[in-house]
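Each of the next two complexes has chain A plus one other chain: chain B in the first, chain C in the second.
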Partner chain A sequence: MTAVPLGPPRRLVEFTLDGEPARVPEGATILDACRAAGKDVPTLCEGDTLTPKNACRVCVVEVEGGRTLAPACSRRAEPGMEVHTGTERARHSRKVVLELLASATDLSTTPRAAEWLEEYGADPMRYGPEAARLGEEPKVDNDLYVRDYDKCIQCYKCVDACGDQWQNSFAISIAGRGFDARVSTEHDAPLTDSACVYCGNCIEVCPTGALSFKSEFDMREAGTWQESAQTRTTTVCAYCGVGCNVTLHVQDNEIVKVTSPHDNPVTHGNLCIKGRFGYQHVQQR
Partner chain B sequence: MDLRFGESEPTDEERAAVDALLGPPASSWEGAHERTDGDLRWARGGREARDRRDLLLPGLHAVNDRVGWISEGALAYLCRRLTVPPAEAYGVATFYAMFAMKPRPRKVVHVCTDLACMARGAAALRAGVEERLGSPGGDSDGVTWQEAPCLGLCERAPAALVVRAGPGGPEDTRSADADQATATADGAGAPPYTTAVVAPATAESVVSGAQAPDDAPAEPSAGFAVPQAGQPGLTLLRRVGVVDPRSLDDYRRHGGYAALRRAFAMGPARVIREVTDAGLVGRGGAAFPTGRKWGATAAQPDHPHYLVCNADESEPGTFKDRVLMEGDPYSLVEAMTIAGYAVGAHKGYLYLRGEYPRSLTLLTHAIGQARARGLLGDDVLGQGYAFDIEVRRGAGAYICGEETALFNSIEGRRGEPRSKPPFPVEEGLFGKPTAENNVETLVNVLPILQEGAEHFASIGGGLSTGPKLFCVSGSVGRPGVYELPFGATLGELLDLAQASPRARAVLLGGAAGGFVRPDERNIPLTFEGTREAGTTLGSGVVLVLDDTVALPRVLLRIAEFFRDESCGQCVPCRIGTVRQEEALRRIEGRTGAAAADDVALLREVGRAMRDASICGLGQTAWNAVESAIDRLGAYS
Partner chain C sequence: MPKRERTPTTYSRITQPMVRDEKGGPLRAAGWDEALDRAARGLAAARGAFGMFSCSRATNEMNYVAQKFTRVVMGTNNVDSCNRTCHAPSVAGLAAAFGSGGGTSSYEEVEHTDVVLMWGSNARFAHPIFFQHVLKGIRNGARMYAVDPRRTSTAEWAESWLGLNVGTDIPMAHAIAREIIHAGLHNEAFVERATTGFAEYAAEVEPWTLEAAERVTGVPAAAVREVAHAYARAERAQLCWTLGITEHHNGTDNVRALINLALLTGHVGRYGSGVQPLRGQNNVQGGGDMGAIPDRLPGFQDILEDGVRRKFETAWDTVIQPRQGLNLTKMFEAMESGELRAVYCVGENPAQSEADSEQAVERLRRLDCLVVQDIFMTKTAELADVVLPATAAWCESSGTTTNSERRVQLVRKAVDPPDGARDDIDIICDLATRLGHPWKYADAESVWDELRSLSPQHHGMTYERLRDNQGIQWPCPDLDRIGPGFLHGRLWADDPDERGRRAPFGIVRHDPPVDETDDRFPLRLTTGRRLDSYNTGVQSGSYASPLRRGEYVELCPEDAERYGVRAGERVRVASRRGEVEAPVWIDPALRPGLAFMAMHFPDEVDTNKLTIEANDPIAGTAEFKASAIRIERLTRPAVGS
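The block that comes next holds the complex of A and B.
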């Protein structure tokens, strides 16, 4: 058995990316091509283990001949396509999308958000002090993880991970419509009354920190969360025979959070409740 | 799937409502009260039940129609019957404006506050209703009311729709077991489900209609909405107001089913060629060539193919499809049969907006008659071709008029648009090749087959051939649906409808369209002509506004509409429509330099919505406001 999945060889698609010739395997997206060429296109709702939902629209690029911009994360490269990633038109939409998100959502724990806001010259404050925000309080209804929907950009990744793409628990869905839409259990019931199995695979894919370990949430509240002081050790989960990889995030000799490598060919970053949250015995000294 | 349905139980009435649609549950696995010995040995349901996911929306309707709202127990029971995760079903139910998840009175009044009604005094109506029934969402003596987007009754504006929940709703008659189920239903004694249209409405007539919907005066016939009714030279409207919409014989006496016979004589490929040669393009707003769509669908190797008729007419100011369906329902049944034959489909879905109760009654009747007479079913007209039509009701969501959102809605998912590609002709309804057409587009096929492509193409020219329907409303003397050959000008139409000399603005194409000045009379009402003039034909809305309604107020209503109707999937539309509304609210009373900053902000947000939104809703949400600023000088 090999760790590298081997498929039939794929035909290469040739197209033009920012004036340069680009070649990617058939079926690859514009984003794949951008990354291969070392171009940094911002993404939020795109996930390496999930089917692109292209809901956030922060990765839009200009495809010649297209009436509108195209989401790089899900538009497949086609032969002869002429793609521009840095035009004024594309950058304008990215700027406004980032601005809109930041004006309604708490992006303080979103990796790279501040960097992108600056890069695109986004100014979320210009929508005024009265601009409607999500206005959600953190939902702390269990001992394992917290749902802070004030930070939620509704990328659908947790819904997809909980649903038919990975876990098949279907504990959450998007409910409501438009600006009032929220990730929710049925009737907005607490997680403990829902179908949640606490695998934490939703936390694994959350791009903004809206979903976090209770331990991380509490430490952030207390001001003791220090990512720079943490070590990450990838090891093998000791519970069952599957042998999932777990990455232990350790601060001050305490496990503060557990993730799993997304490139693991078997689990793709997914764990169960034991691997994700069952580490307390390690700390009983 | 190991689903968790919770502890909530349905009431007997809710159970009866669901059973009337789905039949009684086969086992306790599907929610039957009693657990039998057999249930302990065999678990049924599962995949078979899951394949009926598309019955989720009819199921939600069944409960909402019966009880007036959807309780936790009712939702759990429906989920158990269909093997749908409750969280997903909750997400679907909360997507639609007509469903309530909290207890509310059985009688609900939808008061239209949209553009055409605004021009005819909706503000006063709303205030009058509030005075009598309290604030929206309250309970006044068993009646609640809410503001509604356009109800498609613009020729009789201002309008209101009363819905009283009770037994005997539209979904009750769906299942063969329905009679049995309703006979045992609890809630006997509750008055039956009924609807009443109050238009033109006064606060008094709304209140009396709400209190006693059974006694509300009958609606005028569809012909009332067609000022040209009975005139010679009409094509699409020639039977509206002339034939009895309940009589198949009358339809046949007036030339009905001649086109289908002709289609069978020609064969599918020639039908498609004929429609292509006629130059017919979609009348829903996008103007895509119908023949090409059909050809592409017919050519797909994957099967089955589906035909979908988009009758989710929700663009504010649009009511042409309603008038066609209410005045000449058999023509749509016949046209759908022809389209199904051409694209190789054996099943057609007619997705009708939930706010059209009379269209629903008449179409359901027409389909039943056609089925009984062998014009639908296993052997249409004895030609060996099988085709049937199923009506699906929307539940109050403008976005479901977007073709892929409509598929999701039928499939029992949230009505969110899918990203394209793949296009519907490749992967549409249930992931199968699908041709989806607007009502008016389909009805155009009949004259094409009867009079020939050449004749059809000789009317108008270029992209715009054939007759076109226009929905004229607002400050006009004779509002209604007008049929004009492509090529007529805006001025001609305004004269026909007796537009007010005090008209200040004309909205073309509805909320997603654009404003023009009433003196731009020479704009040809064609797809090319309007585009050259920097505006759009859209769905054929021509809404005339005079000086009694302030333009900034109208723009704000348009912005509210888009904010309400955005599905929330993509960021530019979900948040952009909110910011647009906020900015318009800030500058409602301002002009010039005081508004300049916000106008600049609107332009930036509007541009991003247009460029980066997933679907047409977000892409057009800023059109009307932009045109009002640029063309009418709003806020300057």
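The block that comes next holds the complex of A and C.
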């Protein structure tokens, strides 16, 4: 009988984090070490179920001897390295990154964005009110999803969730170059003419609310979305026999949104269209 | 192809009990007391002629109470659920081989295996999140082979697609086995130590040369050979199947033929190697585990074993019939003969889900008493004498369900049910009380704890542990440890006692589909699921899916040309049992002679008017996957109208 394979043993890597000794398993990132040590490093393009593209640069830290700042979410810990998370240079870089993001995009539905802007003393307005914004109306081309490009920071998380990291549908990708680069369906077709299968796994990972469920979008538009009044209850999906765990977000006894726990062994935070949207039948009352 | 306009059928929640005063009369609103009294009277009058349709979508706790109601209050073992229409052959086949009716592996193992056979399974559509585990496996280097008459979206990910003729799975499996044996690739040590009947099996598969298989299955010999070698040579391999295997008149034989391959190569009982039926409903595994089937008591314990029965008789202070009850299929036959006069149907819609649905409706009408407990006014509820409005198990009640990898998980109440609807368990207990058995359960957990005291394989699963571990897979007999995620590691033990009962090869023969194609019905119709819809559509019809297009009869371009029909054109689809009208969809992934329909929109196109009620003699599952049909243009007048 073959035993359950555990993989090769992982050595512990020892290094210095803000002057304190840190030990993490081989392969762990600086961010893993920071979180283990209780340090709060801001992140946007990093997600617990994804390998980041380190696109946003908001988590940068200073590694002694390094010419440039290093993204904590992607840089692996190495023995003997000396890492500083709160140096003037790292904090200044985060401040500028946040200013640039907040001046060019709408971060109003990005959790913690306001807090970070304040913490790093970021002033997005210093680029003037004319700072480049898309100024597009949200795209509402179907009954389930809304795409609001004004909020998109091009972190690649939706692209990776739809692509080879999870869903393998490849309905969206980055199109265009330079300033024209944006997340797009093939030939910028409406979602309904794309390869989208409406699993909502892109929305699950979107850090800014650029992608949202239409139920949430409509309630926000109507001013009735109240996260503080919502309960979140994790139960098991009522469709096929796979047994996906679904977290029902309920406001006034109505299911308003469905997510899935990212650490769940069945789903890893992913659902299909039925699990994500097929709850309406219980509230036909 | 442009979308056509359609008015989807949506169902509203029912919140008011209803009764029918006389056969043929209308249903009228009633209070709970009146409805329950009426139901109790109807059931009491039919003691000895009673059947329970339990619910594969409700919790384990509800299924436990429903089977207990059947056995203790009604004194019969006639309890079953819609597992009969889907995976009963898997349970029967697995139990015959290994003594246990569950898939042998965990989802995670398919990510760490070398070869995956997806046989009669379009998991990409029907089990999308399981398929994400398969995709992880493929990304990790596993080779996947798809065996399916249709080139499905699952097959798009395959190393090779084996597009066999519908109902030729046994020739395919036997040819793979023969090739493995002749190439000397079978696991001789495993076969010798852990199995029985190899010589007979080898003789049975001997005529199935690759060429013979090619003639019958339509799959090139070289492709069959490649799969045989890939599967046998793999260090680890997973064999997964769905209803393409089970929904045949010989579904259990099909399952045995697949399990034989795992026995031949030793691809079972090890991490990464196993056999995995993908179950179709959230608790179809659990319903059977809870004893809501006619031949097993809770914990999948055999009702024919005296010791097992005695344990339950003591616990429940009752006498349990020492024989197997009728399964769903047999119950329908018994309605015809009048042996079954009352049915208590919880959360099922057999009027639309049974094969040959017109016959099913006719039989339900013959009952003296039909009690339907549901959250919607389904077509089955419309036939009922008493309708009891229930809560939606998955979000309005608490309990547990068991998934395809045998993981028992907590179901939690997230929303309040509509006023007037009542919890399934409370309703059943109220009925039991009226019938002389005053049952009271404080909550779902107290039901579960009673089950744990009687089912060794669930004993270690307290609610607290289920919460802390995000579910636990059975068997879990101990309160302090959790076993490996795969079953039957015992088969690899050195000590013969520990190895236990050897797994017998199933000696099964090819038997083509009952509904033969001929000049009058030249097309083979097979059925399946679409990504965004579910079963009879009562549940999935209510949300706005951009993918949904309603029911079509799907044909390959060649057949469309042959019959002179265009995409979108409405045609008449006729089988030997009935006919329906449906628009045409052209799908180049179908082969000439093969048509496809789903059953998600029975109020638009009742596909099950076409399907045949040719049942597997062991498991009772009908041959939904193989009907003979013809396509007619509507320009000619309909026969008899």
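Here, the second predicted complex is superposed on the first by the 276 of 285 C-alpha atoms of A that agree within 3 Å, B and C clash if a C-alpha of one lies under 4 Å from a C-alpha of the other, contacts with A are read in each partner's own complex, and residues count from 1 in each chain.
Keep this in mind: contacts are C-beta pairs under 8 Å (C-beta built on N, C-alpha and C of every residue); 3 or more make two chains touch, one makes a residue touch a chain.
Fair warning: this is a prediction, and the values are worked out from it, not measured in the lab.
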Overlay on chain A: chain C relative to chain B, clash or fit: fit
Touched partner set for A:Gly128, first chain B, second chain C, both or neither: first
Which of chain B and chain C A:Gln154 touches, first, second, both or neither: first
Chain B versus chain C as contact partner of A:Leu69, first or second or both or neither: first
First, second, both or neither for A:Ser228, with chain B first and chain C second: neither
First, second, both or neither for A:Val60, with chain B first and chain C second: first
Chain A as apex of chain B and chain C, Cα-centre angle in degrees (nearest 10): 110
First (chain B), second (chain C), both or neither touched by A:Arg89: first
Partner chain in contact with A:Asn168 - chain B first, chain C second, else both or neither: both
Partner chain(s) touched by A:His187 [first = chain B, second = chain C, both, neither]: first
Minimum C-alpha separation between chain B and chain C after superposing on chain A, in Å: 5
Footprint overlap on chain A, comparing chain B with chain C: 168
Chain A-touching residues of chain C, taken from the complex the two chains share: 10-13, 15, 57, 107-108, 112, 126-130, 132, 135, 139, 157, 236, 269-272, 278-285, 375-376, 392-396, 401-405, 407, 409-416, 418, 470-471, 484-485, 489, 492-493, 531-534, 538-547
Complex contact set, residues of chain A against chain C: 1-5, 142-144, 164, 166-168, 191-192, 196-199, 231, 233-245, 248, 250, 253-255, 261, 263-268, 270-275, 277-285
Touching residues on chain A, where the partner in the complex is chain B: 54-58, 60, 68-69, 71, 74, 89, 92-93, 95-97, 100-101, 103-104, 126-128, 130-132, 153-154, 163, 168, 170-181, 184-187, 189, 193-195
For the chain B and chain A complex, residues of the former touching the latter: 1, 3-4, 6, 72, 75, 85-91, 94-95, 101, 397, 414, 419, 563-572, 574-579, 582, 586, 601, 604-605, 607-608, 610-614, 619
